[in-house]
Every structure is written in C-alpha cells, then in structure tokens.
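Below you'll find the structures, each written out as structure tokens.
There are two complexes below, and they share chain A, which is joined by chain B in the first and by chain C in the second.
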Partner chain A sequence: MNSRRAVGSLFASPWILTFLIFWLFPLLYSLYLGFTDYRLLRPSFHWVGFQNFAALFSDSAFTEALKNTFYFVLGTIPVTTIVALLVALLVEKQFAGRTIFRSGYFMPSITSMVVIALIFTNLYSRGGYIHILAQILGLGPPENGFLLSNKTALMAIMAMDIWMSVGYYMLLFLAGLKSIPEELYEAAVVAGAGRTRQFFSITLPLLKPVALFIVVINTIKSFQIFTEIFVMTGGKSGTSTAVYFIYETGLSRFEFGYASAAAYILFLIIAVFSLAQFGLFQQRSLQ
Partner chain B sequence: MKIIKYLILSSILIVMIFPLLWMFRVSFSPGDLGMDLISLFSTGFTLKSYLDIFGSGQMAVYLLNSILVGIVVTLGNILFCFMVGYAFSRYRFIGQKFWFYSVIFVLMIPAHIIIIPLYLIVYKAGIYDTYWALILPFLVNPIGIFLVKQYIDGLPSSMEEAARIDGAGELTIIARVVMPLCKPALAVLAIQSFMTNWNSFIFPFILTSSESVRTLPVGLALYQGHQAIDWPHLMAGSTLAVVPILIVFLFFQRQIVSGVTAGAIKQ
Partner chain C sequence: MKTNKLYAIILIVSLLGLLSCSGKNNGPTTIEWWQFWTDPSIKPTLEKIVADYEAQNPDIKIKLTDLTWGNGHEKIVVAFSSGTAPDIVELGSDWIYEFASTGQLMPMSKDLVKDTSGYYGWPPAIYNNDIYAMPWILGTRVLYINRTLMIRAMKDSNFVPITFDQLKTLCFKIDSLGNGVRGFGSNAAEKHTLYKKFLPFFWSFGGRIISRNGNFAVISSQKGYDALKYYKNLSDSCSLVDTQRRIEDAFLAGKVGVIISGDWLLKRIRNEKINIDFMTALIPGPVYPGKSFVGGEYLSVSAKSPHRAEALKFIRYITDRENQLAFCKANYSANPSNKETANDKFFNDDPALQIFIKEINLSPFPAPDPQWVYIEDIIETMLEEVLFKGMPVADGLYAARGKIQKLIDNK
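Up next is the complex of A and B:
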C-alpha cells in the first residue's frame, strides 16, 4: 500500500508546492519583514522590533485609511445584505420573465471591477448622468462631481459597490430560500398563519445561516477593497483604504518593512472574521 | 398588483444594467456624449474605436494577453485541481489532514495582504514582468480543489473498484472512469477560474510593469493616465473585457450559479 501513499502525495504535490511557495512563505516572510526597516535600495536592513507598528498608529495616513476601511465595511454590508434579501424575495416565485430579471440583476457581479469603476468614474463626474440626475432632483451634488469632493467620494464608491454586489448575494439568498422545505409553509397555512407570520416565523429564521455566511464573506472581501479606489480616486478625496495604503507604501514608495507591518495589522483584524467563517464551515460539515 | 410588481422589477433592472448599456453605447460613438439622455440616441454610431484598437492600439496586445493567460490558467486549474482533489478524496497519504486544512486556510485568509512578499518572491525568482508571474502562482486554486474533492466524495467508488479488479491501471481509471464522472464539477471549476482570472486586477497589476505582458483590466485601469480620458476608446476596450464574460454567462448560467452557491449551501 506504500505505493498508493506515494501516488497520493504525488497527486497532491501541485497544491503542496503552491501552498508552501506562494502562501505560507509569503505570510511568514512578511511577518518577518514587518519587524525590519527593509526598503528598496537599502543594502542592509535591521530588526527594529515593534517600531513599525508603533509608527503606524501615529501615522495619520494609516489611521485614516483604516478608518475609511471600517466606514466602508460598516456602511455597505448591512445595506447590501438587506437589499439582496428583498430583491431575492421579489424574484423567488415563478413568474413570466423571471430569468431575465434574475440574470439582469446578477450581471454587474460578473463584470470586471476595473470596467465598472471606469464607467462610474464618468457617471459620477461633473456632467455625468448620475451627477446630472442629482442636480435635477435638487440634491445639490458637489460642483466638480462626486469623486473630487471629500464629502462624497467614499460614499459614492460605497453606493457603487452595493449596486455591484447585490445580485451576487441575491443568488445566495435564492439558494437559501430554495432549501427551505415547502412542507413548513403548508403546515403554517394549515395552522392559519398569514404571509407576514410565515415570513417572520419560517423564512427569516431559516435564512439565518445563509445570511450569516453572506455577512462574513462580504466582510472579508470588503476589508480588502482596493481596485475601485485605485481606478476612481487614486486614494485621494479621503478615500484611501488599508490595502491602498499597503500598496502605496509598499509598492509605490517601496517601504517593504513598513507596508508589511500594516498588512499584518489588517490581517489580524480580518482574522476574526476568517475564524467566524471557519466556525460556520465546521458547523456545516458536521451536519 | 401584478403591474406594480413588474414596474418595481423593471425599475431595478434599468438601474442594474444602465451603466453597462451606457458603456456599450459610448464605445460606438464618435466622441463624448452630450449631457442629456437624448444624446444616447442622437449621437452617431461608428466602429472607429474598435478599428483603432485592433489596428494599432496597445489594447489589442492586452486583449491577447488576457486570452492567453486566461486559457493557460484555466487549463492548469482543471488539471491540477482535479489531481489534488482526487488525491484528497481517494488516497491516504502522509500529512493529508494538514494539507487539506491548508486549502481551507487559504480559502479564508485575505489574499491582498500578501501583495508585498509575493511581489518580492516573484521579483527574486526572476519572473517579475513575465507571463510566468501571471500564471505560476495561480495554477492551482483552493476553491477548485475543494469543489472537486466534495464532488468525488459524493461519487460511489464501486466503479473504480470494478475497473481495478479488471486490471486497469491507476491512470486508466482516472482518465476513463473518474474524470468523465467529474465533468459537471470540472465545468463549474473551469468557468469560475476563467472568469476570476479574466477580471483579476491587483495581482497582474503588481506583478508586471511593461505593456507587452499587461492584461486587459490592468491596461484599462492604467489607460486613464495616458492623456485626457478618451471615453469612446476606453469604453470599447471595456466592452471587449465584458463581452467574453457575458457570452460565458449566457451559455453556462447553471454552472455559474452552482459555482456561486457551492460554498454557501449544504447540497
């Protein structure tokens, strides 16, 4: 049976190599770098202890980026989740044209983030359709467009992100709705429960696992927001985020040590949510 | 009641697809559109932006790079994720549990936090700014492994046993028995890895610098900096980035949906 063991390891080796070279090593390497003053063109670098971490928390560019990231996460996730649920309920039951609506709503989710960011850069700019619409509605949008003003830039990007991801989470909610046994509703009807009562006593409680899953994966994803910031504002107008900060210090100013320390702080924050996801995962596989 | 429902559904539909229709429309316009909705219709149509792109522009290079990298990575994912998923499902080997947990671990950690060390590794390995940098780190992906393993776990092993008793070798069993049975899972995997790779931005962006190996999303994102934004050309390039995905979507809706929901719902 030894040869079967060898074959098993051989077949698994592409992953083992990828994991070691492109995941485990980078993770340990950047932990190490976080404690050094390594930067480009410096021939030697030194262990500096927690100096980078201490410096980060008094670096207003970093705290600002972290604050924006939290703002983004807390602002988008509740809205995305609730809107996705409402839309899922709207297109759940069979009706003429259902597929068209479902597909149409899902379309932004499979479109390239860069492309969407470019489109909205135009729509949000002065004279762009969203800017004009806001003027017609008397909302008093910033004169030079939404993305050049500190007051509106981050909010505008958040709105775009909600628009983009609603369809994706709608699909997850639809799968959750489908997994609720029809008999439960039939029993509820027999017991004399109305539509509202059915929704709050059956649908909502049974959707809790899916909703939890959605919130966790969306949180992990949103903490890493980068592309839309890079394309739409370049981190200006008060829209810098944690990953944007890591990119800018690490790969534009080449302060590898300092950027690695920042990356680890973000990693620790997200780890809480990753652990929650792992908990959910284990719960499911135990069922 | 019914009319109200359709009214709501259609309004949402317009909000969801208007930006994409706008992109499509601008890509055919000779210049920037006016500020009113009427100009959506009154502005002329021309293929100039597309002809420019295919004639001389860098955009054609980006497009070809995206296609090349997308195909190689997708084929790699099909082959390697199948191999690894099969090993996890049907073999017992040393450290198996540990390696499987490493798959789950990578699935859950935020990929963007390793951009600095990945850049340094790729740089020191001498593959920075080459196709290798866009391909090697992405040839196996944890979602694909997970998908295949779950699928093979659900298959009865009796057919493999029967083939083994008939004297079939390991590779014959894999090629003739297991792989054909896995087709549905591999289709989901192929579509998902192609779409993810096609739309990917941050990794191709940080791992390359010259235009000759740039992929389409990176090219589009950096196009802005070149000059005052030329929207018809930019939107023609964007349309080229979106159309393949839409075609895949039209033909493989079922696979895409099951790929999206695979992790969320216990089947």
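Up next is the complex of A and C:
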C-alpha cells in the first residue's frame, strides 16, 4: 500500500512541484512584496506595512484605472450574457445554414486577441470602415477616430470585446439548452403554456448553473482586461485599467512592491464579486 | 595494480582538465553586446563593422544580441538585477541615469574624458560627475514642411517660418486651403510620443520643468503657460490630431502642411521613393531659433563585466569617425555623436540632413533624473487633460507642478 502511495506521489510530483514553485510561491511572495518597497535594481528593500495600499487609494492613476475597470465589467457582462443567450436560442433552432452561423459567431473566440485588436484599431480609426459607417449614419463619430477620443475609446473597446466574446458564451448556453429534457417542454405545451412562459419557467431556471458559470468566468476575465488596452490604446485616451496599471507599475517601472499591492486589491475585488455572484445565484435557486 | 590504475585515471583527468583550461585561456575573449539595430537596412553594416573589428583583433569575438524597443528596457533591467547583463549594452539616453544611479554601469571618466570635446551628447551620460556611457547615435526632431502646400498658401517659394508667429500663420493659411488639408500635425495621446512634441515648444518659450538647483517644480511658469497655450491653439484650430505614424502618412499624402518628425521620415521618403516636394527646417521659437527634443543611443559597460578594457576598446572603435559614417550612410540618419563625422561631406551636401545636425547643436537634452520616467508620465497626463479633456491650461500646468514637486520632495 505504502509503495503504491509512493508511486502515486512520484507521478504527481511534477505537477505538485510546478504548483509549489510557479504558483504558490509567487502568490505568497507577491503578497509579502505588497508590504515592501521592493523595486528591481535596488539593492535592498524594506517592510512598509500598509503604506502601498494606502498610497494606491490616493493615486489618481490607480483609482482612474479601477473606475475604468468597473465601467468595463459592468458595461460588458450583462450585454455579453444576454446577447450570447439570444444568439444561442436563435442558432439552436433547425434552419438551413445553421452550422455556418454557429461557426461564424464562434470564430472570433478562436482568433488571436492581438489580431482582432489590430484589425479593430484600423476599423475605428479615421477612414476605417466603422468610422465611415458612423459618419454615413450621422452618428457624429469623433473626428480623429474612436480610439483617440476620451469619450469613445473605452466604449469602442467594450463593443469589440462583446463582439469577440459572444460566440464562446453562446456555445456554453447551447450546451446548457441541449441538457434541458424535451419532455418538460412537451408537458408545458399540454398544460397550455406559451413560448414566453416556457422560456421564463423552464429554459431560464434550468440555464441558471450555466449562466452562473458564464457570469463568474466573464467577471474574472473582464476584471483582467489587458491585451486589448495594450494593443489598441496603450492605456491612453482614458482606457487604463487595473491590470494595465499593474503591468505599467510592475513591468515598466519595476516597482514590484507597489504593483503587488495593486494586484492584491484587484484579487480581493474579483473574489468579492465572484462570491457575491455565487451567493446571489444560490439564493435565487433556493427561492 | 589497483593503485596504479587509480593514479592513471587521476593523471588522465588532470591532463584533460589542464588542456581544457589552457584551451579556454588561449581562445578569443567573447564580448557580449546587446543592441537595438535590427532593421535589415542597417544590420548588415553593423555586422560588417563587427566582422572587421574581429579581423583586426583576432583575440576578441563580439557576440551580438538584438533587442527591440518594445521590451528591450525590461530585458536590460532584468539582466542587471539578475547579474546576467552583457559586457556592452546600448541604452536610450533617458535610461542611463536609472542604471548609473543604481551602480549597474561602469564609470568611464578616466578612459573617456579626453574624448569629450570630440563628441556631442554628453549630458545624459554623466551622473555624479562621472561618465557612464559613450554617445553613439543621437536623435532629434525638426519641422517638415510640404513645399507644394506652403507655396500655395504663402505665395512665396522662399518662405521659412523662423518664429512661432510665422509658424502659426503658415499652418493657418495651409489649413484654409480646404479639401481636407490640415495645417499642422498634432499628436494624439500616444505613449512616449506626445510629450516629445510639446517639449520643443516648451523649451523654445524658455520653460523649465525643474528649477536649476533641482529643488522646485517650475513647469507652471508664465513661459510654460505661453507654450502650452500656443500648442493647444495650434492643436485645436488647424491640426490633424492622430498618431505619429498616421500624421506622417497624411504629410506624405499631401494632407498636412507642417509636421514635427525625426530623420526616420527622411529614410522612409527615400526608401519608399515617395514623390513629395518638402523641406526640413529648424524648430522656430519666439525668437529664432527655437529648441527641439534631443535623445540618442549610448553605449555603456556593465559594472560587473570582466572585460572592461576590451569593451571600451570596441566602443571606441564603433564610435570612431569612419564607423559612424558607415553606419549613418547605411541608415540614412543624420545624427552621429562624433563631431568629425558630423562635419563630413555626406551631411554637408544634404540640406535635409544638415538641419538635423544644426538642431542637435541648438537643443537641450532632457535633464538627467532618475525620476524622469515619472515626470514624463506627468507631462503626458497633463497634455492629455488639457488638449483632449478640456482642462484649462493653467489648471493642467498647476496640477503637473504639484505632482512633480511631490516627486522632488520624496526623492
């Protein structure tokens, strides 16, 4: 028995070692660094207690980045989730070319984020197709393109993110829809329930676990928005987000202590949001 | 018998060890050099210079490692902090202070002090009265004027704006030509770029960011206010506001009359055979001439390099008259640090290049300061607020002054 356990441990050890060295140690070490004034190139560093955390909340760059992140999260998650659900309901039905539509919606999810961001940068620029279309429709787009205006840059990135994410969440909703037993709808029809009633009384309640999963992972992903900002605006035009701030502070200025503190604040925010979402969904399920 | 065998093994191992050690000592010394010139138009020239050096110095081998401007700084910082820095490293002018002040670079005053009169660009290389880098290729920005648009607007083929008033007149007149033509190319909120376009105006008006004694932020002086007000007026009234690359595209397409750019645009016009009637001119000022932004690339030796003498010898070689000339010709760049090179016929016969040489002599380098990266950020944020978010000029400058003063106080 002992030798079986030893063999098992031996097989698991590569993963355990990787986890300990590359996950757990950096995680705990960065927490420690958050309480120090550690900067790369400096020969020594000191324990500063909560000084970094206090400084962050009076740092306008961080609070602005945090505000933008919340704006991004709250602006994209409901829209992405609702649109993904609607698209899933549409492409679930049998019709000619259904596979083409499904593939089409899913395609952006498997395309490189950087490629998409570069394409949209051109589309949003002055003379880009989206800019021209907005002019034709009389929407009064910013003269110098969407990404160079503080009023539209973040919204433009949010719109792109929704377009890009819908396909993936549509697929998850489709899987959820497939798992709903057909008999429930048949029974509802016999009981005289219309399509709207069926949707609100059968489809939505039974999709709740999938919806929870989608909302939680989308929340985590949205709080971590970085690549789009890095490629499209470099954090300018009022688009700096929390992770972009951490990147700038940690990997551009090498203020590891300050950046670690910011990362842990973001971690706490994500944890609180995720727990609240779990709680909310569980409460609704009980009701 | 067993003992004999053991002795034999020990002898063979020792002999092999000795041979390997002596082989190591007899082989060429490898100097590792991290550098940023990866463009196919210049890399072969660089490799040829290195190959020639190796041929002349068979005991030295130069190992080139390419960096990119996208992540080169990060790689250098990590290399220094982990003790794996190369012998020679190419540094941007605003990085030298950061590495010198943390003891990562070798002081070179004793070796280079006699060279100072023969080269431009020393201020960023000096920290605590010691030289930490050798100026190599410098860079500045000048005015580019589309002559076709200028002649149409000013009805004078010999017009050159030498004061800010004349520059404004030229830009407004070109802007009024219509057909989507704009007078001036003004930079959008583009990282590491926007402040470089404003500072020439700021310095030309006589503005200072920090007082001479280094104790006070003085960016919000009357001169600073005049500079920002002037720049905002140009930007708001007659400018195409876009990224540097797109401004240059529009200039080359005849859609913008006047822009500020570096010598890379000359290279682009030449390489892409763009048909445009243009001229370069010095940055104007309230009084002629004004000042521009100057930076450059420098060569430093790591403090931990075991090949100090060899590294310095190579740095001297690559920055000498002939090699800088070969480099500038291949790159079609106008900014050698070597004064003899700058006086070569190659530059004197080309009016566009000549303007760059003159501008370097007229312009200040940004004050070397370990906090410069933060000051740069503060100035860019201020410009973004004032130019694109409607903050009043005085408020923007005042807020920037407060932030810079805080940096000085916390130093």
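Keep this in mind: the second predicted complex is superposed on the first by the 272 of 287 C-alpha atoms of A that agree within 3 Å, B and C clash if a C-alpha of one lies under 4 Å from a C-alpha of the other, contacts with A are read in each partner's own complex, and residues count from 1 in each chain.
Operating definition for what follows: contacts are C-beta pairs under 8 Å (C-beta built on N, C-alpha and C of every residue); 3 or more make two chains touch, one makes a residue touch a chain.
Since the model is a prediction, treat every value here as computed from it, not as a measurement.
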Query raised in the report: Just chain B (first), just chain C (second), both, or neither: which does A:236 touch?
Result: second
Requested in this report: Check whether A:259 is in contact with chain B, with chain C, with both or with neither, and answer first, second, both or neither.
Outcome: first
Report task. Would you check which partner chain A:145 touches, where first means chain B only, second means chain C only, and both and neither mean what they say? Result -> second
Query raised in the report: Between chain B (first) and chain C (second), which, if any, makes contact with A:93: first, second, both or neither?
Result: neither
Query - Contacts of A:129 with chain B and chain C, given as first, second, both or neither - result: first
Requested in this report: Could you tell me if A:251 is touching chain B, chain C, both of them or neither one (first, second, both, neither)?
Outcome: both
Report task. Decide which partner touches more residues of chain A, taking chain B and chain C as the two options. Result -> B
Query raised in the report: For chain A, which residues belong to both interfaces, chain B and chain C?
Result: 251
Report summary line: So, in the complex, the side of chain B touching chain A is made of residues 5-6, 8-9, 12-13, 15-17, 19-20, 22-23, 26, 35-37, 80, 83-84, 86-88, 91-94, 96, 99, 102-104, 106, 108-121, 136-137, 139-140, 142, 145, 170, 195, 198-199, 201-202, 205-206, 216-218, 220-221, 224, 229, 231, 234-235, 238, 241-242, 245-246, 249, 253, 256-257, 260-261, 263-266
Requested in this report: Note which residues of chain C are touching chain A in the complex, please.
Outcome: 73-74, 77-78, 80-81, 98-99, 102-104, 188-191, 240-243, 246, 373-374, 381, 384, 388-389
Report task. Write out the stretch or stretches of chain A touching chain B in their complex. Result -> 4-12, 14-16, 18-19, 21-27, 29-30, 33, 87, 90-91, 95, 97, 100-101, 103-105, 107-108, 110-123, 127, 129, 132, 163, 166-168, 171-172, 175-176, 179, 210, 213-214, 217, 220, 223-224, 226-227, 230-231, 243, 246-247, 250-251, 256, 259-260, 263-264, 266-267, 270-271, 274, 277-278, 281, 284, 287
Query raised in the report: Any idea which chain A residues touch chain C in the complex?
Result: 40-43, 61, 125-126, 143-145, 148-150, 234-238, 251-254
